[in-house]
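For reference, the structures are reproduced in the following blocks.
Here chain A shows up in two complexes: once beside chain B, once beside chain C.
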Partner chain A sequence: MRRGFWLRYLGRRLLAAVLALFGVAVIVFVVTRLLGDPVELILGQRATPEQAAQLRAELGYDDPLPQQFVRYIGDLVQGDLGVSNYTQRPVTDEIADRFPATLELALAGMLLGLLWTIPLGVIAAQRPGGWVDRVSRAVAEFGLAIPNFFFGLLLILLFAYALGWAPAPVGELDIGASPPPRVTGMVVVDALLAGDLPTFWSALKYLALPAITLAVTSCPPILALTRTSMITALRSDYVRSARAFGLPPRTVRWYALKNSLVPVLTMSAMTFGFLVGNTVLVESVFSWPGMGLYSVQSMQRFDYAPVLGVVLLGSAIYILVYLLADLISMAIDPRVREGQT
Partner chain B sequence: MHSTEQPAPPRRWRIGGVVAAMAATLTLAACGGGSDGDSKTSTASAGGGSTTSGGGSGTLTIGVSSDPQTLDPEWGQAHRANETIKNLYAQWTRYEVIDNGDGTLKADLTKDPVGEAIESYTLSDDGKTVNIKLRPDAKLPDGEPITADTFLFKVERALEMNAGSIFDFNILGITKMSQVKKVSDSEIQFKLPNPSPIVGPMLRDQDAGLVDPKLVKEHMTDDDPWGTEWVAQNGAPTGAYVIEKYEPGRQLVLKANPNYWGEKPNFERVVLQVIPDEGQRAQLLRQGAIDIAADMSTDAIARLDGAPGVRVHSVPAISQDQLGLVNDKPPFNDARVRQAIAYAIPYQSLADNVLGGRAATPKGVWPQNSAWFDESVEWPYATDPEKAKQLLAEAGAENLEFTVQISDADADAQALAVPIQSALRDIGVTMNIEKVAAARFSKNLTKRSMQAWIQSGLGAYVDDPYYMAFLSYASTAVINWTNYKNEKVDDITEELSKTVDRDRRQELATELQAALNQDVPIIPLAEPNWMLPTREDIEGVLWEPDGLLTYRLLKRAGD
Partner chain C sequence: MSAEPVQAAAWTPARIGSRLRPLLTPYWALLLLFALVALLAPLIAPYDPIQADLEAKLLPPSSAHLFGTDENGMDIFSRVLFATRTDLVVAVLGVAIAFVVGVPIGALCGYLGGWLDELFNRTSEIVQSIPLFLFALMIFAALGNSKTILVAVVAIVNIPIFLKLTRSVVQPIKNQDYIAAARLAGQPTSRIVLRHVLPNTLGPIVSQASISAAYAIQITAGLAFIGLGVELPHPEWGSMIQQGAPLIMDGDWWVSVFPGLAVLLAVVAFGGVGRQIARRYDR
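On to the complex of A and B.
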């Protein structure tokens, strides 16, 4: 029966996910087609109207919209995101080139973010209004208030240009350096897999500043939530009982932490989804070769296929991360499970 | 109960400990980076040329705003792609070079281009047959000779694909392969319907560059009969540089073609590093991490001026910043209204204040640095608000209001629009400024759907009266974005298309300029210099009318 429950639940969630993605595809498809087509950009200013008409027909942009949509969905189901009309490259290749860089950055930012926010939140909750609480709140408010690209610029000016501790922001590796053999596409991981320690170290140095930027500017909500939910937990009946029974403070804290983790987990999942989709400006400032610049340029060029590909991928990640967070919450907390029958 | 619950926290924290250690490494990497090698110096040394892969004289690093759109010469349109293509594909001809004596070079526009991948081209007496002699020593990168078939393949591929590059051949009157004949392995012949004065300049265009037929043929498939998809990503170079590696979104690394027959490139490697943010490109140039900051706005270049270690190369050019007024709809269908606007523009202030003094005020619709510019043609439009008001009154166009569109990718146009707006306000004209997405802007230009537009850096790739009239001012011209129509201009264009005699062409060019200055279908706002910020030790910067850099000639002082 337990297994049946999980399968039913998963099935329902996956079905909802597919429907949501379909909805996203419809909306983006309609919006991009309303903007106009990229034929003039492909042919350039010296093209004749006849040439434009011919190319428009070749690319199928003069077919009725529903027909174009059916064709697109048909390809999509087969895993084909189409070809960029601007670069003539398959969108799946272009995304595969760029997505790992964004993922690497988002993962590193998330990791650093969790590491400063959760412990600080827990400590701050021990003594609300104490100095740790006040300092951490100030830091969190700073991180929330400052635009991420601006904070990135400050870090660059200070650590790369003034102090010279970090490399200049030219991307993932030194100019002209060869990346390690591609396995995951994430340079830090690939360098480690290849046992190439100099490249690993160099890549870490390039990753550090943008990751810190994201960690500081995107994760403060996790700190706030950890603190609040820890305070609530510490004031709850079961903690009071545990204290009354004379359990060691460490154990009591652990009970409280475990119980306050569920909302923090959901918030972290949301933050991660946000990170993957919102690195655009940070990527631009650090010349990070991820999805950010790619998606912006594709939109500027009215290049349908990449825009759709990027939006679908972003939505899929959001949905997947939420699903994972929900599954973990259910595993941790039976009450959540009971709500889903 | 204690014993079952107690172990849990330490285990969790152990995992946390590993994570914390990793994070500490990350943070350390940022702050303690000085310990090994110091990548700041190693990026700088990429500019210093210590990391070469093969026997040349080092590496040139150029910071660019984006990847080239394509590596296929038939489809290149945007500036970045055009420049890459120019350096990867051997052109048929080239302009001769004049040394300005200050580390910069410029194309000699007063002479016809000379052979590059070809030895020479000659026109028959009736001007309708072009005989092209090929160089015996020209080779493909794999060492095989470049023959007549290489040239024929190029033309056939362009014509068959109906790609952007057919413009180069169509403007000469070549529309079918039957007009292109192989006479022998070392000679080909064009049959033109009319004599053409611009054979040399058109064959110099970067998208007329030769592709490597063997490479292309290996990648032609049923779905993709001309190998477009493969060439777009991998290129099929024949020029001074070939591709060492291409990582889209990151870098494109070129290396000197070992079998290049012409003058050897000075740099063994050229790294085009994608630095999307203009401010970062400027900063990296100041730091010496890159040798050249490309794709910069005038404003950003002005801020680099005088920075230690940086040199802004500045060469008078033939491009213009223009205000286009759509001629066939009110209010601008009345020439007096256009003239009134031309009298209201604060030319000197635009050149000095907006363009930092690195621009000339216009002396005609025709660019003053063109070899065909005739300064005897009257250009009366000095800034004169009273005259402007008087013309508006004559035309009955008081309280004029119109909307000018600007591309959001055109920073200079935006900067120019604001002072123009206020100058027009002074003569009672309301100019609304509408900023639109670049792709939308192109579309509106093509559809002629605007009232007016401002664009910066417009210039013909070929300095020739026929080319410019055919492209911009004839009533059927493809980039006649103002729908300008003057029968006299159409007649002059027609005659220019088949007149080969240089003196007669100059007379026609002068007549054309007189008509344009009278009609002002577009208003030239300023003629900006061509500018390139580099490290101070970079020399051999060549300006050509296309504004595309030639990497082969660049060198480091002292090398």
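On to the complex of A and C.
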């Protein structure tokens, strides 16, 4: 009975995720091929009509649309995102080179984000309206209101220019420094794996400011949710009973925390999915060599295949992380499970 | 959120006074200030915002140039004032379009349900799963780089928000007695939705409009920061921040910092007003 329910649920969610991915592909197709002119996208606006006509025939853009659509989906399924006009390399390879940097940044930002939002949310919930609550709410409001690229610039101004604690924003490593042997593609991790401590330390310094930027500007919703979730838990019957039994406050707090973390976990996963696709501006500020900066640079070179590739990948990651978060909260929280039956 | 029909009351001075009291909060005052600056920019600005002065490049803030000057010798104070027009107009126009498109469709979806509802709801979710700035990059790539496209991008990313919100606030209202009464009286669906359902759901939607405008300003400035939507030297906050970004490590902070603070304050103003409206209707 239980097992059957699980499989049904899993099947339904997987199907929904696949449909969402398909939907994103359809939107990209509609925007680029129906609203825009794909040949103009590839050649730029300077091409002669003859060149355009030739390329149009070569790439099959004269075929009927349904046929084009089937071919496009077929390419996507095989992981073929086209060729970059600028480097003449497959977009898939180019993105694969840059994705680890984005992942590293998003992971670091997420980690720092959880480190400040969850404890602060828990403390604020002990005394709603108290000074910790008010200060943390002000910080959260500030983090949400300030544009992340501007906050990044302020950090550079303070920590790199004025105090000299952080390096200038030139990417992941000193200009000219040789990166550690590539294993994961994440420089901090690779340096550690290679046992190269000076490089590790240097890479960590480069990572710090962009990661702090993401942690402050993207994670305030986690703080707000932790706080409300914790307040609800502290007012619940099981906490009152635990207190009435004379359990020490610390134990009671732990009970409440365990129960209030489920929605926080889901929200954190969603924030992470959001982060991976939304590092564009922060990567631009810090010259961080990830896929966000890559898409902006490609845009400036009128090289559009990479832009569409990053759009598809960013959306796919968001959809998959969302699915994963759903399944995890389902697995650990019986309340969510029962809500589904 | 009240489900009672809206009632007209006499406009006594006391009533008008109590209606205007919310305007006395800092958020409203700030919003008013931005509106005034946008309207009166040509009167307040001491310099022409796009007048280059090669004698006065990169001057720090002083009494002659309150916010200093940029690399072209343009007065940053004047540019920040004029940029209010660009950013506010793009944000408000984009959100207004999203409102006009999203709210009626959302109301119909919530009221009718069925396949129409399913179609629009799913489409909204799919659009929202595309990371915002990447979505914007794609639109700019396909349709060209212009201010019109910028407004369109702001509108498109906000339509799903209004659609889903309106849908969710209409759903509980459609089973109220007074709606049933209107239906029994033989009124057409479009009239029921427009005259009886929507007016009673406006609180949360208007609050969302203000919050959306706050994000629209962030989006506008963010896209301009990566060179999309507005062209230099047209005064716009995001592109001004971009101009100053490479100068930060030289210590020429004023080029980026003043337009950045303008964005921050505008976002705080719109966001604060939105939350305040939400609180008023929450009771």
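Quick note on the criterion: the second predicted complex is superposed on the first by the 300 of 341 C-alpha atoms of A that agree within 3 Å, B and C clash if a C-alpha of one lies under 4 Å from a C-alpha of the other, contacts with A are read in each partner's own complex, and residues count from 1 in each chain.
To be clear about the criterion, contacts are C-beta pairs under 8 Å (C-beta built on N, C-alpha and C of every residue); 3 or more make two chains touch, one makes a residue touch a chain.
These figures come from a predicted structure and were not determined experimentally.
Of the two partner chains placed by superposition, chain B and chain C are both touched by A:S284.
Using the contact criterion defined above for the overlaid structures, shared-chain residue A:K205 touches chain B, although it does not reach chain C. In the superposition on chain A, contact of A:V310 is made with chain C only, not with chain B.
Which of chain B and chain C touches more residues of chain A: that partner is B. After overlaying the two complexes on the shared chain, residue contacts for A:A168 are found with chain B and with chain C alike. Shared-chain residue A:Q300: touches chain B and chain C both. By the touch criterion stated above, A:P147 is placed in contact with chain C alone, chain B being left untouched. Of the two partner chains placed around the shared chain by superposition, chain B is the only one that A:Y86 touches, whereas chain C remains out of contact. Once the two complexes are laid over each other on the shared chain, residue contacts for A:I27 go to chain C alone; chain B is not touched. Of the two partner chains placed around the shared chain by superposition, chain C is the only one that A:F274 touches, whereas chain B remains out of contact. Residues 35-36, 41, 156, 160-161, 168-169, 284-285, 300 of chain A lie at the contact with chain B in one complex and at the contact with chain C in the other.
Within the complex, the chain A residues that touch chain C are 19-20, 23-24, 27-28, 31-32, 35-36, 41, 141, 144-147, 149-150, 153-154, 156-157, 160-161, 168-169, 274, 276-278, 280-281, 284-285, 292, 295-296, 299-300, 304, 307-308, 310-311, 314-315, 318-319, 322.
By the touch rule above, chain B contacts chain A in their complex via residues 2, 5-6, 8-9, 19-20, 22-23, 25-27, 29-34, 36-40, 42-43, 46-47, 51, 59, 61, 66-67, 69-70, 72, 75, 77, 162, 164, 167, 228-229, 232-233, 245, 247-251, 253, 269, 271, 273-277, 280, 283-284, 287, 289-290, 409, 437-440, 442-443, 445-446, 471, 478-479.
Those residues of chain C that touch chain A in the shared complex are 122-123, 125-127, 129-135, 137-143, 214, 218, 221-222, 225-228, 238, 241, 244-245, 248-249, 251, 253, 256-257, 260, 263-264, 267-268, 271. For chain A in complex with chain B, the touching residues are 35-36, 38, 40-48, 51-52, 54-55, 83, 86-89, 94, 97-98, 101, 108, 111-112, 114-115, 156, 159-161, 164-172, 174-176, 178-179, 198, 201-202, 204-209, 211-212, 247, 250-251, 254, 283-285, 287, 289-290, 293-294, 297, 300-302.
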